[in-house]
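Structure incoming, see below.
First chain written, first letter: the chains are A, B, C, D and E, and each begins at residue 1.
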Amino acid sequence: MMKISLDTISEQNAFLDQVERESGEDLSRCYQCGNCSGSCPVSFAMEIPVSQVIRFVQLGQERMALQANSMWLCVSCLQCQARCPKCLDPSKVMEALRRMSLRQGKGPVALAQVPDGFLERSPQQAVVAGFRKLIP
Amino acid sequence: MSKIGVFVCQCGNNIAGTVDTAKVADEAKNLPGVVHTENCRFLCSSPGQQLVKEIIKTNGLDKVVIAACSPHMHEKTFRKASEEAGLNPFQCEIANIREHCSWVHEDKTKVIGTEKSLDITRMTVERVRRNGPLDKIRVPVTKKALVIGGGVAGIQAALDIAEAGHEVILVEKEPSIGGQMAKLSETFPTMDCSQCILTPKMVEAAHHPKIRLYTYSEVESVEGYIGNFTVKIRKKAKSVIEELCTECGECTAKCPFTAPNEFDSEMGKRKLIYIPFPQAVPAIPIIDRDHCPKYVKDKKKCGVCAKVCGPNCIDFDQEDTFVTEKVGAVLVATGYEVMGVERFPEFGGGRYKDVITGLDFERLASASGPTGGDIKRPSDGKVPNRVVFIECSGSRDESKGVAYCSNICCMYTAKHAMLYKHKVHEGQSFIFYMDIRCGGKRYEEFHRRAVEHEGAVYLRGRVSRVYERNGRLLVQGADTLSGSQVELEADLVVLATAVVPRIGAKDLAKRLGISYDGYGFYNEYHPKLRPVETATAGIYLAGACIGPVDIPTSVAQGSAAASKVLALFSNEELSREPVVAEVNTATCNACWDCETACPYHAIQREAVKDRAGNVLRYVAKVNEGVCVGCGVCVAACHSKTIDLRGYTDAQIYAAICAL
Amino acid sequence: MTSIPYYPGCTLNTVAKPFDLSARRSLKLLGIELAELAQWNCCGASFPLTPNNIIGLTGPTNVLIQSQKAGGTVSTLCSFCYNTLRRTNQVIKEDEGRRTVINDFLGTSYEGDVEVVHLLEVLRDRLGFSELKKRVTRNLKKLKVGAYYGCTLLRPKSAAIDGGETTRIFEEFLEAIGCEAIEFPNRGECCGSHLAMSNEEVVVRLSGAVVASAQAFGAELVTTTCPLCFYNLERSQKAQGSDTLLATRSEAVSDPLHGDWLSRPRQCLSPSGRGQTPRADAGKGVSPPMREEGDQTPGATLPVLYFTQLLGLALGLPEEELGLGENLIDPRPVLRAKGIVREQLVASS
Amino acid sequence: MKLLTRQHLDRWVEAMLAEKVRVVGPVTRAGQPVYAPVDRASALDFSQVIGRNSIKDFLFPQTEPVMLYTIKKSSVEMKDVGGAGQWPDTVLLGSRACDAAGIAALRSVFVWQGEDDPLFLDRYERTTVVTLACARGDRSCFCTSVGLAPDATEGSDLLLRETVAGNFAVEPVTDKGEKLVARWASHFEEGSESFRPVVPPPVIETSDVEKILAWLSDPSHYQDAVWAEHAAKCLGCGACTYVCPTCHCFDLTDEGGAFQGERRKNWDACQFDHFAAHASGHNPRSLQSQRWRNRFMCKFHFYPTKFSAKGCVGCGRCIRVCYVGLDIAEMMEKVSGLAEANPRHQPSAIS
Amino acid sequence: MSWEPKIVAFVCNWCTYAGADLAGVTRTQYRPNVRLIRVPCTGRVDPLFIIKAFEQGADGVLISGCHPGDCHYISGNLHAKRRWIFFKGLTDFVGIEPERIQYAWVSASEANKWAKMVDQATETIRGLGPFTKYHALKGTGTAANGGACPLLVWSEAWQPGIPDEVPLPEDAPFVPALREKARELLEKGEVKVVIGYGWAKRQRRIVPVFITEPGDVSRLVFNPLCVNNLSVYLPRKQGDIAKLGKPAIVAKGCDIKTITVLLQEEQIGRDGIVILGVSCSGVIYRQELWAGKAAPDLLAPKCIGCDVQTPRLADHVVGEPVARSVEQQGPSEVQRQIEALDRKSPGERWDFWAEHFDRCIKCYACSQVCPLCYCDRCITEKNNPQWVETSAHPQGNFSWNLVRAIHLAGRCTYCGECDRVCPANIPLNLINRKLAVVSEEAFDYRSGYDEKAHPPMVVYHPDDKENFIR
């Protein structure tokens, strides 16, 4: 079990505020029911399930939230959004985190991973949408 | 000219600290009509009150102004004192120079406080000069109560009132009383059988000399006001003459047709002339006119029941009948329903037979249920080896429009897990939950028992979907404690669906003139201090029609509401605050704006007749029994034909002019 | 011959040409002309999720403005485009702030009043499925077809077709053209979408599950409204009797980002509800869906068709006009088996 | 005879104004002829037939305070207002014969058997009425049918007649008139010019105030159908009474705060539905026709018999203002006709 | 001592009064300028209170009660809210600065909100300065200062009736049919009187006529001079007409709008009258100005944008359906003036109305001719208390005109009779129309179209929109 320091949460929780501003979602509404993690088709590949990512954001744990691969795996299929009992949209949070991470110069080494000849074969939308994620 | 006494209270330093009370008293002396002023230390103390009384007597005062704390504090106190001194209590007015002055303007020079206190006192004196004596309104009380809803809350209330010796009319829309509790198998946390504790009460209610039971009946209309309601009850046609029926059950036995039994969530069958469940009270059968060939077109005539009925009490042509009753109080205990599975497409609700509600599970577990108490799943009647319970199905789920917690699910789901374990020893139950809320006596212990001794696996998280694979149900969800997504097979999925108000709850509320919240639960007069009363005098609430509650609370509320009714019945007549509207019939234009505006339907139409008794026209009349004195009608009246006693135009005008 | 403005989108102009062509040709037969917008651009494929990403909205907005010029309605085939346009429209309609910014930027005054419809809606609401049924000339012999919606047609509710996950429009369409619609659990589950680019193994798993689920429910074919789903569904399958994925790389995939998640120990629960560590009978217990059987990519390949290809078939178009041959998994054997298409034609190709 | 030349008229007015005399006369406001105080001679305009407001406004204003009161601890302090000296000397210059007669009628009410209204009296005494004979009338004028004429002198102090030369022949009617001329003698000169011919409005042949009076004095006609028949359309707006030169009814009302205020005297109108209502709530004139009957009788019966004054001076304003075209002259014809039908009623001696 | 704002607060007993108590209990300090008047519910607060407060020297008024939904009396505050929406529309329109009347929801627990509100109100009103322009109204004004006359202007033409030289308008083609129907009704005894239009005896003008004999139906006419709204003769108040028996009334579409309201408010029974609807293509506002044709500038304001040329609800309709003519295309002059006024500053609006009300002579003709002012005893005739001062000084005039307007809010069908009759030519159409607009915008309610509906002032909707209650 890891140990995190909550000293970052003082009067104002800068990280939380920024994520909320970026995503337009009010994360204080999230009561951690876990349905996003439960519904996420990519959960199995995530180092940290969606709900925990959000938890870390709630706790102002920038490093924990940003270092996980979770946000890069999110394809905004909106299962989470459809299931959230509090009508939140985690995909927006993921997007926000991606952009924040990218602005810090941290991104997935995705280009290298593009399969050979993929660009020719694949539907553009895959490429466009795929790279959209990489725009800070 | 009136003889007014002004009493200025120092309230220790609370007022005197920032108000020169002596000055206030002095200057008040010069106000028109003021014959005596006092400046005392603690007016509300018994010597203080004594002083007020003496001065009223010795100076023959006819009006009193108390310049002290808020009327919400001591208006009653001083009006009582004035009354004891022989004044009409409404000749006493409070000038609030503490909360509204001395406490909020801490100016040690006392300039501001004194000036404002003078203004307040002056306005009050001018106002009190226009006060007339008001006498308490007395309305006769019909000592008979109507209880709507024959669930456990209603039964309890009815019994309590009847035991106190008053007549009770108990109206139940189903063929039998018992309500939802009658459907339950065992009850938490004691695990005693629901029927065993409820049935005696049902029977007692049915046979109580003071209780008249109207089953399969509904309240059509309620008119009148506290102490004097007139209710119209529709007795739906049972097609059976109750007076003759001996409850022998022959007809049911011989009826050749069956239909799904609503009482068993349609998991079991019943005859077309039937009683919903064996312990039904009364056990008088009714004919299901939706299915019985006698009523359904182009089907052969049957009529077996009529043939076999000894006292031949079968009446195929029976029609709905209406009874009108006069009652003094109405007690609403219409209970709840649970959200249907069809509201949960993501769980395959309605698509998969083996996705059921908690209430359905109660029937499966109930000895009198369709399976005789064996847990068999609806689809194929197999005994499920893995049962998944999903709590908060619809509850605390704004995407389903329900933000509240349904309160009873945590407990009954734990109970279900136990019942299941007791009946299917090798079975395994999984329970998805968000939080466990067991804030009742012996509740937490009960829950832990389910975990520690009955092997229920609690998974902290929500379920996102239930779907079918290889003929089995798969439940996909999260276990946030392990931080992982989980998926598991289930033979039966039980949704603890949200507790919601009865369909038609809002209609009834409109008929009764009581208010309800956004969901359709009835509003208490005050959520804490008057939890079983409504804003409409004479109408009381009990049970789950107020909000999700468990059996103990329902019963407690039933008794609480009953005690309110009994308090009302303890007087020959009821006396009410005389602050009500009154109409100057001479100048009423009969535009009925007041009637439309009145939230309490307190405006009636009164005929103006000539000597010969011919109706010339109609004018508005205030029903003092119903009026609560809000004054909406007064503001609505263009010609100022209605006025509000205690807050008359003249009084307010005077206060304004004394600015 | 009525005509309706039509926004093809990038993909239908290139790799998904058969989708586009089959649609145009079929609709012509039905007396509806798909009038391609005079001028259009990429919709951006994915809807910009963060509120402050306004530039991402300008693309779709421009498409909408072009549509307005064309008459206030626009039809799409590709669910991605459908989704992006609908959601953008919503923002423009409801968020005055962003509306003004965008309009100022584009020098326009768009209010968000264009009606974005999917071809399925056109068929149902303009033509009518009952009418469509009458127009069918080739008997599809109750071909068992799984209707795969994917995500973008169904979510979010507010922009979804028929308000989302409970819709049956796709199934009704299939029934109208003489197929038996297979309503399978994964019809709305994700195919992996653009992860095809970066995390293929994820796509293989997700699409695999979709295909498997459809097959398990007896589908002989899957049909889709989205080129990317189409791509993913096809390529997550193994060639007949082979073990290699049709996907680009069949070698065991490794994590492109952070190495070790595959080997991360997982929580398992035995039926008794206790035991913690993985056990032989983990399969019977709760476990992450990593190793669930049936989740594996299907053994037998399952042809994937654009719904317009099926439509064309039903309307009697020759299959070369429908580009059936260009599908990675040739559907014709199945069709032949059913006797829907004639032998020699198939032979000739 | 005395003459007032055009030039002198203006000088005279200016002179009076200079002496703080209030000069009220016909002026044109928004194209409308009205009687109003003037601040310069050039404002006066004698070309119009008649001012819209009655000139009574200047002796009996629509609203005026009559006393101030202060409520004390156990008493009320009262203070009169008005009375001597409050009003400036006033010259009503260019009043018409009908309006002047109206003033006479008002005086007979407000100064009656020693029961004098000080406010009215004060103004009256300080006011000199200088009437200018009409050169023409209009469709609504009917002074000639109530025994007046464009150059009648009833109620006037001084009568001016236009001469062919465009000057004014001056004819003092009362001492007040004499005094006025005397005080401003320098503006008047001796001379002799022939009058410009006066065109009186046509007499309503079928109307006769004597007959009307006779018919009205028969109580049995009180309930006659003619009233409802004629006045059913009346809406009781009271505009007629507000412009009538002889209507004098007023109401007293207290206004102010809790501790002090003023008692005001405001015009009232017998056409208002609750004008005659009793405290009991009973309303002896609950119907509009009854209220209109009252007005008609007031003009042609009560005034003549009680104050021996003219109740109606034929200015025709009530006809002009009536919103539903209620025409008093029409009624005069009707009633005269009825009087023809049944001759004078002889009251039998009470036994 | 320097001037201090004097503010009166009307607060409900259950929420705001208690909230103020709590402020005391918690010793929350705030400005001493407010004097509270306790009422059971904001629903009790009558606009009269506010007007009177200003007359009595208040510089500002606060009104506050329970939050919507929390009303101790179910819906009192929601009724109040409606009333305020109307009243604010009015006070803004006559140029009373919005800050002078402030509305808020303050619950029993919102001591701080109360304190903050009082402080803010005190300061904003201090900023505005004393409300002298209202207080000073008393005792000024032309009618008041000893008989300088108000400018009486009945119309541009001093003479009633149409000059002899001008040709009279021709009867509408359907007049014979109208007479026939009238005769039939009278002969069959279905009605005892037909209320209609006819020529005056001595003057060349149209006046109301009351036909009781089948023989007299020939007196009935209809032409562009028939502007009067005859429905004023229907309510009980008009005893003379009532005595005649069941009436038939000749009514234009617009008149029927008024009849509709009378039905709503049960002043007449639908089967107590027979409505002879006449289709109408516009009438002249002031008939004496008739110059041979119905020129646009002569049309009654109500005719501009009229949508009831063909009457609804009538028992019998005579005349062919007519469409809105070119002349009747809006927006009307009235509409333009309203918009112009709305663009002005409160100060300018105030001056505009002060100048007009100054002329009011309190003859009450406006209410006498109003078919909807049917009160047996008008509030002006009630003197215990005397809410509306009867003297024709501007202050009394102001309160009278405000009260008249608010009493007609949501009911007035804009027939324009008050405006037409006003001897002082006060543009009452502007006020009436303005409040109609408020009603349309706030409640989507147009008066006179649905006899089943209730007047908007006495009903409410839980989510009535407003943007001024704090």
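Convention: a contact is a pair of C-beta atoms (placed from the backbone, for glycine too) under 8 Å apart; a residue touches a chain by one contact, two chains touch by 3 or more.
Note that this is a predicted model, so its numbers are computed, not measured.
Looking at the contacts, which chains touch subunit C and subunit E alike?
The shared contacts of subunit C and subunit E, listed by label, come to B.
Which chain has its Cα centroid closest to the overall Cα centroid?
Looking at where each chain's C-alpha mean falls, the closest to the middle is E.
Using the touch rule from the top, work out which pair, D-E or B-D, shares more C-beta pairs.
When B-D is set beside D-E, the one with more contacts is D-E.
With chain centres defined as C-alpha means, what is the inter-centre distance between subunit B and subunit D in Å?
Here the centre of subunit D sits 72 Å away from the centre of subunit B.
Averaging only over C-alpha atoms, locate the centres of subunit B and subunit E and give their separation in whole Å.
43
What whole-Å value do you get for the distance between subunit A and subunit C if each is reduced to the mean of its CA atoms?
24
Let me have the rounded angstrom distance from the C-alpha centre of subunit B over to the C-alpha centre of subunit C, please.
It comes to 52 Å between the two C-alpha centres.
At which residue positions does subunit A touch at least two other chains?
Those would be 43-44, 79, 82.
Spell out, as numbers or ranges, the residues of subunit D touching 2 or more other chains.
Correct list: 257.
Among all residues of subunit E, which ones touch two or more of the remaining chains?
56-57, 377
Okay, what are all the chain pairs that touch?
After working through each pair, the chains in contact turn out to be A-B, A-C, B-C, B-D, B-E, D-E.
For a test of understanding, state which residues of subunit B touch subunit A in their complex under the given definition.
346, 392, 396-400, 434, 460-465, 476-480, 483-486
Spell out the residues on subunit E that touch subunit B in their complex, using ranges where they run on.
6, 8, 17-18, 20-25, 27-30, 32, 35-41, 43-46, 48-49, 52-53, 56-58, 72-76, 79-80, 83, 115, 236, 265-267, 374-379, 382, 384-385, 387, 407, 454-455, 457-459
In their shared complex, at which residues does subunit C touch subunit B?
Subunit C residues touching subunit B: 165-166, 185-186, 213, 216, 266-267, 269, 271-273, 285-289, 292, 294.
Taking the touch rule as given, give the residues of subunit A at its contact with subunit B in the complex, in rising order.
Contacts found on subunit A: 31-40, 43-44, 48-49, 51-52, 79, 82-87.
Where on subunit B does subunit E make contact in their complex?
Listed in rising order, the residues are 70-72, 96, 98-101, 103-106, 112-113, 115-116, 119-120, 123, 515, 535, 579, 587-593, 596-597, 599-600, 617, 628-632, 634-636, 638-640, 644, 647, 649-650, 652-657, 659.
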